[in-house]
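What follows are several structures.
Two complexes follow with chain A in common, the first pairing it with chain B and the second with chain C.
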Partner chain A sequence: MRKGVILDSRRNGLMIDAGQIALVMSLLVAGYATVASLVGASLKVPQLTASGRFGLYTVPVLVSVSMIGVVYAFVTHEFSVRYVAENSSLSMPKVYTWVAIYAGNAGSMLYLAMVVSILSVLAVFHLRRRQPHAAAYAAGLMGLMLMFFLGVMVFLANPLERLPVIPADGQGINPLLVHFGMFIHPPLQMMGLVSVVIPFSIAMGALLAGRGGQDDWVDVARSWAMVSWLIMTVGLLLGAWWAYTILGWGGYWAWDPVENSALMPWLAMTAFVHSIMVQKRRGMFRMWNMVLIIVAVTLAQMGMFINRGGPVPSVHSFAQSTMGWLFLLFMAFTLLGSATAFVWRLDSLKSREKLDSLVSRESMFLLQNVLFLIVAFVTLWGTVFPIFSEAASDVTITVGRPFFDLVNGPILLALVFIMGVGPLLPWRRASVRTVVQALKYPASAAIVTGVVLVAAGLDKPPAIVAFATFALVITGIIHEWIRGTHSRHRRGDSYPVAFVRLISANRPRYGGYIVHLAIIMLAVGATASSFYSVQRDLVMRPGDSATLGDYSFKYLDVRSTSYRDREESVAEFEVHKGDSYLGIMRPFRAFYPDANIAGTRGAIRSTVIEDFYIVASEFDEDGRAVFRVLINPLVWWMWASGPLLILGVVVALIPQRQPAPATLRVPANVRTARA
Partner chain B sequence: MLVLVAVLLALLPAIAIIYPFVRGLGHDELPEEEISSKVELGLRWDAALAGLKSAELDWSIGRLAEGDYRWLRQRYMTEASVVMKAMEIEEEQQRDLLASIERELEEARVRAPESEDAGPSTCPECSSAVQCPECGISLTAGETEDPDLPHGTSFE
Partner chain C sequence: MTNHGPMKKGLHTRHRRLWGWFAVAVAVGIFAAACALSDDISDNDLRIQQLNKTIMCPVCPGESIDQSQNQLSAQMRSIVSEQVHEGRSDEQIKAFFVERYTQSVLLEPPQKGFSLLVWLLPPAGMVAAIVLLILALRVMRRSANESPDDIQETVSLSDAERSRYFARLEAVLDYEEGDPTMPKDWNEEGSNPGLAKERSDD
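Let's look at the complex of A and B:
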């Protein structure tokens, strides 16, 4: 850090100090809320639980005061605050204040505390009337999570800590964060990881309240699990998009430890949101679902550990600290506590019913649980293997992409297959005739797809099998929609109205289908680009031309510009495809001397068929550089899947509004909890 | 000024924490436990209804063979009738509920079963009771049992 002049007085002290006080206060209140809720629930003292709940409601207000203090310090360039000095500078545009807040460890912790506190209040509010007993325990657990984040900040990583010597200017923001994607991806990713706490607390709260086997908490838990899953999914997708557009290596997923740390809880949560439907429908898989949500929260905490200076190197960790081991300890504590509660309440989790048949929707859910966990643990093993190799032999062996592709690839394809077949099977059991009836069109589409692709000259059998599987899934979904719409149309609705009513009458089911279609879009893009991408690395000088596939491109010139914080070189390429002129493409490379970081940004021409991608390495004085040129088929479909995915989850989450259903009226002489 | 801010920041949570004790709140915080068997019966009812609708939809779009559809429908209707009996629902209310179920199934149904005149069928579990082919309810009152419980167990 540059030494500077000690200012004669610290400006803006009130806001900073108020933020400090609020931070300490929030920790104390979170602690009280935790103890009061848990003790009140276990000793059945309702006023104590109410007091804990009310206290929890004030934590977001207190954390917000701290956040306002941090924001104010950034906006006013208050470099007496260490975090501001380390993550901003006088030249930083104010718009990047948002990114700077979570760019470092302490600020991201404050952001996480704010997210957890707000989500906790919403969840407790949602849960309290429906599941009053579970809500008290759930509130206590959420408070416990809050205490961890707040405690780390108060004692170890205070975002409002003052410096003894005030620098004249700050270090500036990490230049890799100066990209539109970084406004959304890191906060969404962090929000997704920490939001797993909510369904975990609801499930564990029900378990601690002795209601784990009652199944009436399932609806609320599933809603929150789907919200958490959606946030994680969008975060992952945005991260892949950011890697593709900004890191400049032409790819979007490298099985990097940070990427894996976000993927693992997503896998467990995906299994959970599906498996819990079986508990709702059949009163089965109660133990499975508890295990899945415990695994999800453990892996989410593992993810936070890896992101925060865990021992596994990553190309794009940006919140490095020495505090990773604290997260590991808290993860161990959470896992131990959850396992203890699970064993304690094991008897209450016995299934109400048994599996009627191996050929049933329930069996498919069981299989997907197993497969998702296998992928999660294979990914975990590959991610942490370097630690064990170093401990065993002083040699760090990293596990690269070929391992993950080889092991996880087929399992993920099997999961896609189950995603297609499972919804076609009925609950409880399916005869051979039903299976044939349900699968005849999807299976036919799969076979035809495979044959057509082979006839078209495609090689790589794994990719062909994958595309055939995707065709099976899509056909199953479309076939049901067509049949269902046609059936309704026969009753007098026009086709558009019939289609809308079909979806509206079965929102969880058809919202799920929309999500499945989005997953297929993602899978199509990932498969095509993984197997059929073509690439050339070329040394080119201005004036040189080259070709790749149907594309021809001429390196026209390079322009170098000096900015205050960087040296930027922009190459210009004239690009043709066949005889068509496509325009000028401009890949560029920037070097940030203060941060000693270089960043590249590829020039991408994207269509629904393929992406043409040029990325530059370091330029020589005469403009010579190594250019990586790629043709990536069908990548556009990956990014297009995002909005459809969001739509599907929203449709699935909209509460069903329908005429009064056939509800069971309890005889008057039976006392009830519900009003 | 900072002291004032600190006091305000402390007052907010303090008031919130003390408020339930002062106002005697919390009477609905931990309500008396609903009899757990009733809760479970309610959930089983909801699950049976959801299963019926799902089977109806699957069958109406041709995804479910006739035999499986009838088997599923019988299972779910038996479940519904068992739950109603266990909840000591009066006969008139039972009929209302069954009529309500049929209305909801009508929403999903778009064609009649291929064999309308199936005639009375026997309970898939105990084989001795005779069931109405339309709604599945036992035609022999008082003999419907929960297929998942040991013979003779009731939900009292």
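Let's look at the complex of A and C:
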């Protein structure tokens, strides 16, 4: 008996020790890879950079060994490991190991290190032949990032640290994290934030290699920027969806500090994936693109700082610790370093082309970039202002949703407008006639939409303007598609074939259009539900009936079940819309007395037109219960935009065969400068 | 495309356009119906909901009492409701909570004193950024005109001609990327009047 126990703990010990050793080794190897890559690159010694590269390739393997150690400790309830004791318990289902891994500070660092190391290897592998010199610098920079995460773990927050006394049971996991939404959203969000370092390292690598002004690295950086953007976007969408279905207030976005911290780098990356196209196509905005990617990585690090027990309190923050300040320091280091590199290599970033006109696609791109950055900085300003106000005037001010809605709302709408107009303008220069021609249909559609909406009795001007703008964007895109498909159809393709060929002929452009459509779907849902959501808070007893809009609903009963750690209540509603019976809806609420936390799950009947949403706010002892009932119009479109958005990004990312040099028949009587 | 082209095309396109506009109107109508709900919510209830969204739950930072699932928020919501029904104004109700939980209980920063700054900076920054943007664009453009290999020095095209030329060039380049099936003669495209034809008028 006793022998068995000893054997058991020895076996565990082996796995955990192996994990420990691998962690330390990964730091050493990452350190070597960094030094070898940077020194090799600056002295131009290919053997050394190759060695550094191979060093980098082994880091994910070593980090995985540590990860296996942690997973093993969780699965075997090895409470001698501090992290396991603090983030799990015997009663925790084993599948939540995955959640527990990132739920605490040390574990999330390990997860981040793993993500960064894998992405780094893929990116360096992608870049090494195309841009050997830049790839070496990039590998060095990625190594530096890795060293930060690994170093913090080895010296300050070791996920495999042992406790002197082995507790009988662990402290358990935060009950709000025990939800299937938590399997994807937070890890994806964190992955999105750290993935910004990949395009950043590529761009900085090119800059350090003196190739910032050559545009041959742009394709690789653009691909990785879009991957990063996609991860962040899906993370944000899933977060909103999780909040909508679980947090139980009928909304999905609250301009909370943690939400903001995820949004800010997303905004900067959105600007970057657009303006990098100008560099790809026109060889312009080279300095600007560097600035953008530096801003993006800074905001991403700021996001990690705010997430990790930064100075701004939030309901979403987890993995709380004083480690946040380290992230701030690291952010300052990155910002300072990249700014220095930028200034040092400024000469190499001169534009190939000059701007021809203020009215052109280029200038629209720039305007869009600036507006995105303004939204990002307004968000940052609102998020950190409470700290300033506390320091300056002793009065704590809260900057919440009303501020952000009011200030960012109009700018975001302006961005949607530019999204409609920009792609229709030609590069270089647009004459008045071109602009009129391009906007003829979109503008008419916007006017028709406005008129129809006013006629239908909508009375909120901002919403009407917003919807009209969305119509403008959609019409612009659809019109381009129809025109392109037609012209191919006339040359003999059937309509579907013509459409597919149109899309695949210029994937960055048409993939972009697909993403734009998805964004409009998102915007339609967000606008409709922010302006026209109808809500009612009701106190009901079993047997009571009430109505909201066309819906009538009867509260039948509530069933409560007690568990060891929680009390679950499921209410039953019989719901009718008009005369038709919609069935039984069951809002759910769980209360965890130990943690004093309530978790809810709204009962949602979702249609393309509107969501009917019941959420249980409270159950009293005497049978009374408080319910919130909402009708949220068009919310379905927000969630439906996700798949379309992914499709668009994938289309834009599929590598295109390098086109043969364009042969263009220029009319004989036009002379060009190069002729 | 022959001379009969435009007439035949005109009929077709007119029909198609009519249908197109009809589709737009119907789609918009459906969406409008989704939003134009007959809201039977009383004015008091609407006010309560609005107020709930501007008051923060003191124990769950960042969350409004409207969204918070906390017990305290539920109590605060009922206080708001009570006071609205007693006929107190929005300002009075907010003041009631500020008195108990300090200014930080309001999610919207006041537009006076130090926190006026939070409201003033964004518009100021916006104006500054737009001015900078315009200046930057002008500089970028001016240096283009001074450039020695500027196209205007060797080619005498009017602005309109240039824009059409480049639009055409752009279309061809867009079309060509990865697509070997480019039409043999671009001047046959009916939609865009041929540049060569126009030039020959000179």
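As a convention for this text, the second predicted complex is superposed on the first by the 644 of 675 C-alpha atoms of A that agree within 3 Å, B and C clash if a C-alpha of one lies under 4 Å from a C-alpha of the other, contacts with A are read in each partner's own complex, and residues count from 1 in each chain.
Assume a contact is a pair of C-beta atoms (placed from the backbone, for glycine too) under 8 Å apart; a residue touches a chain by one contact, two chains touch by 3 or more.
None of these values were measured; they are calculated from a predicted model.
Peer 1: Give one word, clash or fit, describing how chain B and chain C relate on chain A after superposing.
Peer 2: clash
Peer 1: Between chain C and chain B, which one touches more residues of chain A when both complexes sit on the common chain A?
Peer 2: Counted on chain A, the partner with more touching residues turns out to be C.
Peer 1: On the A-aligned overlay, A:Leu634 touches which partner chain: chain B = first, chain C = second, or both, or neither?
Peer 2: second
Peer 1: Considering only the touch criterion stated at the top, classify A:Asn506 as touching first (chain B), second (chain C), both, or neither.
Peer 2: Once the two structures are laid over each other on A, A:Asn506 reaches both partners.
Peer 1: Does the superposition put A:Phe54 against chain B (first), chain C (second), both, or neither?
Peer 2: first
Peer 1: Using the superposition on chain A described above, determine whether A:Pro132 touches chain B (first), chain C (second), both, or neither.
Peer 2: Touch status of A:Pro132: first partner only.
Peer 1: A:Arg429 in the overlay: touching chain B, chain C, both, or neither? Say first, second, both or neither.
Peer 2: In the superposition, A:Arg429 touches chain B and chain C alike.
Peer 1: Just to be sure I read the superposition right, which of the two partners does A:Gln171 touch: chain B = first, chain C = second, or both, or neither?
Peer 2: A:Gln171: touches no partner chain.
Peer 1: So, A:Ser487: does it touch chain B (first), chain C (second), both, or neither?
Peer 2: both
Peer 1: Given 9-17, 27-35, 81-89 or 117-125, which part of chain B has C-alpha atoms clashing with chain C after the fit on chain A?
Peer 2: Stretch clashing with the third chain: 117-125.
Peer 1: Where on chain A do chain B and chain C both make contact?
Peer 2: Chain A residues touching both partners: 426-431, 433-434, 483, 487, 491, 505-506, 660, 662, 664-665, 667, 670-673.
Peer 1: In the complex of these two chains, what residues of chain A are touching chain B?
Peer 2: Touching chain B: residues 13-14, 17-18, 21-22, 25, 29, 32, 36, 40-41, 44, 46-51, 53-55, 57-59, 61-62, 65, 132-133, 136, 214-216, 280-283, 352-353, 424, 426-431, 433-434, 437-438, 480, 483-484, 487-488, 490-491, 505-506, 660-662, 664-667, 670-674 of chain A.
Peer 1: Taking the complex as given, what residues does chain A use to touch chain C?
Peer 2: Of all residues in chain A, those touching chain C are 247-249, 251, 254, 256-257, 313-315, 351, 354-358, 363, 366-367, 370, 373-374, 377-378, 381-382, 385-386, 389, 392-393, 395-403, 407, 411, 426-431, 433-434, 444-445, 448-449, 452-453, 456-458, 463, 467, 471, 475, 483, 487, 491, 501, 504-507, 509, 524, 528, 531-532, 534-537, 547-549, 598, 600, 609-610, 617-618, 626, 631, 633-634, 656-657, 659-660, 662, 664-665, 667-673.
Peer 1: Taking the complex as given, what residues does chain B use to touch chain A?
Peer 2: 1-2, 5-6, 9-10, 12-13, 16-21, 24-36, 38-45, 47, 49-51, 54-55, 57-58, 60-65, 67-68, 71-72, 75, 83-84, 87-89, 93, 97, 100-101, 104, 107-108, 110-111, 148
Peer 1: Within the complex, which stretch of chain C touches chain A?
Peer 2: 21, 24-25, 28-41, 45, 48-49, 53-54, 56, 60-64, 66-70, 74, 77, 102-110, 113-115, 117-119, 121-122, 125-126, 129-130, 133-134, 136-138, 140-141, 143-144, 147, 149-151, 153-155, 157, 159-160, 162-167, 169-170, 172-181, 183, 186-187, 189, 191, 195-196, 199-200
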